[in-house]
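Next come two complexes built around chain A: one with chain B, the other with chain C.
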Partner chain A sequence: MENVKIKSKNLNVYYGEKQALFDVNLDLNEKEVTALIGPSGCGKSTFIRCINRMNDVIDICKVSGNIEIDGVEINDKNLDVVSLRERVGMVFQKPNPFPKSIYDNISYGPKIHGKGETKSELDEIVENSLKKAALWEEVKDRLDEPGTGLSGGQQQRLCIARAISVNPEVILMDEPCSALDPIATAKIEELIDELKKTYTIVIVTHSMAQAVRVSQKTGFFHLGKLIEVGKTEKIFKNPDNKMTQDYITGRFG
Partner chain B sequence: MSNEHTVKSYEEELRYLIDSVIKMGSLTESQLVDSMDAIIKVDKDSIDKIIKSDDEINKFRSKIDTQIMTLLVKRAPMAIDLRETISSLKISQDLERIGDLSKSNAKKVKPLPLDLPEELLGNLKRLGELVIKQLNDVLDSYVNKNYDKAKEVWEKDEQVDDLTYIAMESVIDFLSKDKKNLDFSTHLIFATKNLERAGDHITNIAESICFLIKGEYLKGSRPKGKVIEK
Partner chain C sequence: MTKEQRLKKRHNAEKRFRFYGLASIFFALLFVLILVHNIFSKGSSAFMKTAIKVEVYFDKDLLDLEPGASEEEILEADFFDITIESLLKVYPAKNLEEEDALIELFTTDAEIEIKKAFLNNKNLIDKKINLEITASDDIDQLHKGNYPRDIPEDRRRISNFQLEIYDALVENKTITKNFNNYFFKNGDSRDPEIAGIGGALVGSFYSILICLLLAFPVAVLASIYLEEFAPKNKITDFIEININNLAAVPSIVYGLLALQILLATIQLPRSTPLVAGITLALMTLPRIIIPCRASLKAVPPSIREGALAVGASKFQSVFHHVVPLALPGTLSGTIIGLAQALGETAPLILIGMVAFVVDIPSTPIDPSSSLPVQVYLWSESAERGFVEKTSATIMMLLSFLIVMNFLAVYLRQKFEKRWN
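The block that comes next holds the complex of A and B.
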């Protein structure tokens, strides 16, 4: 049974004079992976940045329209953005661990959100988060070593563990594998499969094959507009829109 | 396909695959025509040539398999390209089977007496002409990506079934007149059945073409003629 977790209604985003998103209406289902595809600059990253109000940090950015999580408008000025970002974690294209130990990378979030007051509670959060991110076995004996010393794939899983550590409901992933080799990519994809049992995941990807592999729903953006959205299988076997077909088959001029 | 792929070699590889299927179809059609001719004219001289032409068809099948594997590995085709690739695989399998049936029919010419009565072969000839027309139409619909024409072929298989029934009846009638006819009549019954099976492969091809064009299989069951109902 599909349950809508995130709903965008007539979402428009402007960077100064330039409009980046045009009336985007998109429902994202709970505990499902939605892939967003489209050429660079099409608005897919802008869209996911609206879900945890990352665009707030850009002065010239203006957002109109609605985004609801569990039916609650998140663009409300009175909404506490810190608690929103606790509910909506994010993983970026380039792994960006803090220049701190593996342990501190994970425990930092829970600490500032007031979770894990005692050392043993924090230990448990760190262990569970690393286990969920399939990294525990590889780092359990060197938690005090710097996170930046890990391989690229391990760093990305560390960032996923960091996002998980505050127990979010949604995880946004902006091209999480584009800097990784195929083995590290496979580990992240396997992880996404596992994580979707607990979290709602939105992934921006330039890899069509990855979108097919990891997602249940796919949305195609072009020039700031959501051109087509549907079940991933349908989009990649028989899309309704010609522009979608041209993009996924490599016919875009 | 309207727009071309950004990667020209991908465009060429797909074009090459489609061309191979078309060429294989054309060879299969010639072989079917020749095997029908051989039966109707009881032309024993052409048997070897027809059997040999089956090798050519089989070579095409292997070539198409290789092309498809290369495309899948190199391009990971999506949407229309994926359907084009998958339907090429299926169509080439059906063409190969039609080739086998034509070859089998050519072999059945050998035991036939040279003085077969006209009335015995009339219905078989009509059946052969219909199956040849069906194959020609389905290949046309593939070349022109014509959904309606492919669907028409699919529906028309009912007539193939009916004609098969009639052709079989006439052979059995002939056989019942004189037991001496048993040997070659049996061959004619098998040849008739082979044509009916070729008709079934042609409907499979029509289904693949409809899937290729619209992305969904034909709904409902195909109309069946007498031979199937029986």
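The block that comes next holds the complex of A and C.
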């Protein structure tokens, strides 16, 4: 049955004077893909950046309300963001591999968390992460080459492998395919399908088709408010809200 | 206006702009060439030194030394008499006046040169050797063709008799031109023929070393803190404005500050590379912080986010990822800052580095000169020998600056290329 992994309650986010999210209540199920759709600037990215407290980096950003992962409040000042981010990995819009070798890109996370004490353990983690990210076959002979030398799609899969390497429970994806061509996009989507067996995935996307293809649940945001959320099938076939209907049929956005 | 006319106007504007650009580059290059030519034509002869071959006889009685004399005895021994004896043998002089004129052809350090030769080979007692004794500044300049001989005798520094000797020496090839090791080895002197930049080189080296040791760590840590960790508020804005302003403060103000605080209040020894280094470090600090912060700022935020997202702490994301990427820019900024400090003259004059220092400093707390101050000192001297030495010192200073700037460019390119 469906287990709720992440639960947000009355989540409000402010950038200085400007409020970016209004009372968002959203449940995300374990080992499922949840897609967040909506026009630019509607707060979908802001929402997922709350789940791993990435908004902490932005000085003027203030978050109020609750987010629970497995029933534990994460919006707590005393919570260690380092261990939170170990549990909640993130993949960004633009591939951002470190300007280091492919191997170092993957082994960095495990190293700083003290996973993989020996070289052979690290080797194993790197190999497994790259295999899970469906990149192993393409790069196994050139692990010492720079990660920045790969193609865009490969770089994004490298970033996914990097996120996997610390063995998280949740992976957040912020428009992971927006900088990629259709073939690379297809590969990433295939990969997401595979990854949802192990991880809880939240993906922000601008492509309705992608949301339909990869997600089980979809949430529609507009102007910082969660307008509607439900099974992907239902949202795209028979939404309750007029605004959702208009957006998915391309009448605005 | 028709379409063709407008198009033509646009093309003309572009052509005019290209012409202005080319003309400016041409003028800039022209001035650089004039400068370089001027310095080279004046300075290159300073790297050669004129010497006169002299047969020296180490007479036992005149020296009052026994074979096997100890080093101390030799150092104490009087070489004046044999020096005069040897020098007078170069050309027949009829009277005391002519003898004086003959001795004047040689450097005042002739006695020391002979003593040094003897110290190198202590078995020379009662033996003859041929030595090349450095010529006086006047002969040196005459031999290099820098001194005119066709002006009346009473307005010439070299008498007719001396010219006669010089011509004879040229005739029988006893006058030579060698590499001028004194220029690099010796400290300053009142006599141009034996003056060198040795003391200034060592002084500049110590000053820059102290400047680097003080300014680099402080500047880099300050930049990292301000750029990566400090909250963005009014206080940090104020600090940033002040750093930018400090970089534009005239260097002489730092000299005044050092004079008041380091010399008058703390009573550090004046004219020393230690004080110079501290003063230059104060001056260089903001000039390193600015490029340092710029190169930290140039690291894309996505790298920081990538590191944070896998659970790196702020400290780890900065020191594992951002700082290594900013390092080439930081290093080249530092080197360019140091190059500016190397050429800085005004603050050093204020802290007393203009003092006439003959000895080469052995520690940073010995009185010393520095390269730019040496240029300043010599440029005020009347002797022709100092004119070429001034230009030669500028050549040395410029070559250090060029090497440092190339190093900065090289470091930046080498490390930035690695991943692209």
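The rule is short, and it goes like this: the second predicted complex is superposed on the first by the 252 of 253 C-alpha atoms of A that agree within 3 Å, B and C clash if a C-alpha of one lies under 4 Å from a C-alpha of the other, contacts with A are read in each partner's own complex, and residues count from 1 in each chain.
We take it that a residue touches a chain if its C-beta (ideal position, glycine included) is under 8 Å from a C-beta of that chain, and two chains touch if they have at least 3 such contacts.
Since this is a predicted model, take the numbers as computed values, not measurements.
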item: Superposition on chain A - do chain B and chain C clash or fit; value: fit
item: Chain B versus chain C as contact partner of A:249, first or second or both or neither; value: first
item: When both partners are placed on the shared chain, which of chain B and chain C touches more of chain A; value: C
item: Touched partner set for A:98, first chain B, second chain C, both or neither; value: second
item: Contacts of A:224 with chain B and chain C, given as first, second, both or neither; value: neither
item: Which of chain B and chain C A:52 touches, first, second, both or neither; value: second
item: Which of chain B and chain C A:86 touches, first, second, both or neither; value: second
item: Which of chain B and chain C A:237 touches, first, second, both or neither; value: first
item: Partner chain(s) touched by A:176 [first = chain B, second = chain C, both, neither]; value: neither
item: Angular separation of chain B and chain C about chain A, which is computed from CA centres of the superposed model and rounded to the nearest 10 °; value: 140
item: First (chain B), second (chain C), both or neither touched by A:38; value: neither
item: Which superposed partner A:209 touches (first chain B, second chain C, both, neither); value: first
item: Three-chain overlay, closest Cα atoms of chain B and chain C, distance in Å; value: 34
item: List of chain C residues in touch with chain A within their complex; value: 231-232, 300, 302-313, 316, 320-321, 325, 418-420
item: Of chain A, residues touching chain C in the complex; value: 52, 54, 57, 59, 82-83, 85-86, 89-90, 92, 94, 96-100, 108-109, 112-113, 146, 148-149, 159, 162-163, 165-166
item: Residue numbers on chain A that touch chain B, as the complex places them; value: 208-209, 212, 236-239, 242, 244-246, 248-253
item: List of chain B residues in touch with chain A within their complex; value: 1-7, 10, 76-83, 214-216
